[in-house]
């Protein structure tokens, strides 16, 4: 572990500033959270992309959202095969231990992971087809979304695939027995969102319209 | 997909407030980010826990950190077996595509995932031993950390295990060839942090002291 | 060049300390910055005054702000006359080459340049009226700000002139065609700040209030 | 002025953190600085480049360095023609009003301005030759440095030109009568530095060696 490095000074300074302001002003709340544990009302599944800030968009404070972030906000289908499934573990913990009331899947524009999947499926990214490509194998989850894209201009199909990443994840969530039963019991609701980073717009999947509509 | 629900009204209201204020004030930055793509300087791997807010602690804005969040901020060892490894995909993307300069693993106090691992290893959580337990199988990653805990009071051992979750992840990161070579080339540095939620304190792993020390 | 002198020892010592600590801890980031180039999100125009530290106030690290510093944080009006305009060159580079999203003009209390302009305009500093006075001719940029000062006590008028130095610069920035079009396209936003050095306070120009208000 | 925007929230947060920590801890010093005025011991002329942090490299606090930053850390030759010369005004103020003891010209690697000058002089950047190019006209200051480059590989000549930007500025500083007399009176010394951003190395011009040598 001799490779581990100290925290860069500018982050130390910023942390100290946070401690003296945000923390100091909210100390009682942080102490409560530490003693009573978390009771988040929602789980959010979003992308790792540095441009996506779900806590900012929804004005969320500590304790409000249980947040899983991975490449392209994907949830794989249920597979209780005894293997390591990090995303499935987050869903299991949120629904069975924390009993969240909502799961929000948040997609976004200009997603590098979705772009990679698109290129791979079009045959333009052989390196992602390699067995050793972690990104490629992870993006396989989205292949069913690619298969059902309507014909059209590449940029329109790519945009549609970003939204499919949300829909595929919602569908896969329902393959988890504990998710399905909680939804059917009215204890859990699922929501699909897509954020345009440059425009700051937000769209929500509307099952009536079978489309994403502006919030 | 008839199960998908509209966004709860209170989140719609908050989003609209964000759009009219934070977005409006930073519109030019979001547009730039959308056009030019992200150039985050660091990847942060933290827990899904709703009480951990890395962007708040470090005063980070959109575009600054590439953030992966999973149960107990764990990174599995490298395994290019062609299977789905969501966490490994995030590390691969951060290091090989985005070329981040830092990876920060951020652990925290009162971690439910670490508690589960501790109970499981102590023989008090048979349900986590089940093949079908996603959380249990995910927490297997931390077993080597449990094995090397010093004897002591359970609460001290549990606290030590929270920090082991950071160390095991740092060790596993170094098993990825592209991480190891970037670290050795001086292009990437790894940092281990642990946050006490109630106290608002932050500790950084110091290889000289072989311990976490207050920032 | 026989007049050039070695670096004073105390600066050599400090540099060596920085190299062994801050640089060593951030080596990977500096290497990335050197290889990939800078992508600053904002340009800051502040005074040369040794008491103004924009990177400290905003916890900024290398790579974050493109910083121009001159006497009294002034920007002259656009004049494409083929002459040397150092400040105009910085604005041109920031907006057209780096495509920054924000330009922040940061004024401050007790500004020697603004004091000189005030004295000159009041007729108390004939030496600054000389053709050969570089400071006097530079401070001519602020004369329109002096002209619109409200009557009052000299110290209040001087304080007002410090803020006019920010406003005149913001107005002059908009005379640059590439600034104006970027602002109108929503790709660039301009901000006016004023820092009270002794109090550590910060005020931001609020177009609604037509005044600087505390941040 | 209706175009002026509020300060982005993340900068407000960071400022508040600074106020509660760095400012609070140094309040007495800031108040002294505000009341007694600045007495900087040195002037630093460096590039606007976001990767150059002279206060960090030299561990400087508020009040220590009077800092002018422009494109490529250039100083034009003395020209008392009654026109606006922003850089000359900073030198005049530093030497005649503040009576600094040192002027340090700090160049750096990968300088975009120097690259532009190199391309322009090689005939590869006609847009910089335009009368309307502020960057081009500003970089004309460095043309004498280009003229005396030794033949060689383009990348070696470019590196040499970065150092010429320091030497040309030192030479031009000596054309200012008040600089020359202060140097000759032993009241002021001039120093030429060059910083390699990626390596964190620093070189100082040594008139004996007629070369930049490692500090």
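Every chain is named by a letter (A, B, C and D) in the order it is written, and numbering of its residues begins at 1.
The rule is simple: a residue touches a chain if its C-beta (ideal position, glycine included) is under 8 Å from a C-beta of that chain, and two chains touch if they have at least 3 such contacts.
Note that the structure is predicted; figures quoted are calculated from it, not measured.
*Asks:* Only C-alpha atoms count here: how many degrees separate subunit A from subunit C in terms of the superposing rotation, rounded to the nearest 5?
*Replies:* An angle of 115 degrees brings one copy onto the other.
*Asks:* Return the chain whose centre of C-alpha atoms lies at maximal distance from the corresponding centre of subunit A.
*Replies:* In terms of C-alpha centroids, the chain at the greatest distance from subunit A is D.
*Asks:* Is the C-beta contact count larger for C-D or for B-C?
*Replies:* C-D
*Asks:* Taking all residue numbers at the subunit B/subunit D interface, are over half used by both copies (same) or under half (different)?
*Replies:* different
*Asks:* Centroid of subunit B to centroid of subunit C, CA atoms only: how many Å?
*Replies:* 39
*Asks:* Using the average of all C-alpha atoms in each chain as its centre, how far is it in Å between subunit C and subunit D?
*Replies:* 14
*Asks:* Give me the residue numbers in subunit A that touch at least two other chains, ranges are fine.
*Replies:* 5-8, 13-14, 16-19, 22 - these are the residues of subunit A that touch more than one other chain.
*Asks:* Using the touch rule from the top, collect the residues of subunit D that touch subunit A in their complex.
*Replies:* 13-14, 16-22, 24
*Asks:* Give every residue of subunit C touching subunit D within the complex, in rising order.
*Replies:* 1-8, 11-12, 14-19, 22-23, 27, 30-31, 33-35, 37-38, 40, 43, 48-53, 55-59, 61-71, 74, 76, 80-94, 97, 102, 104, 109-110, 112-113, 131-135, 137-141, 167, 170-171, 174, 183, 189-193, 196-202, 204-207, 210, 215
*Asks:* With touch defined as at the start, can you tell me which subunit C residues reach subunit B in the complex?
*Replies:* Per the touch definition, subunit C meets subunit B at residues 25-29, 31-32, 36, 39, 41, 59, 63, 99-102, 182, 186-189.
*Asks:* Of all residues in subunit C, which touch subunit A in the complex?
*Replies:* Residues of subunit C touching subunit A: 21-22, 25-26, 29, 59-61.
*Asks:* Enumerate the contact residues on subunit D facing subunit B in the complex.
*Replies:* Result: residues 5-10, 13-14, 17 of subunit D touch subunit B.
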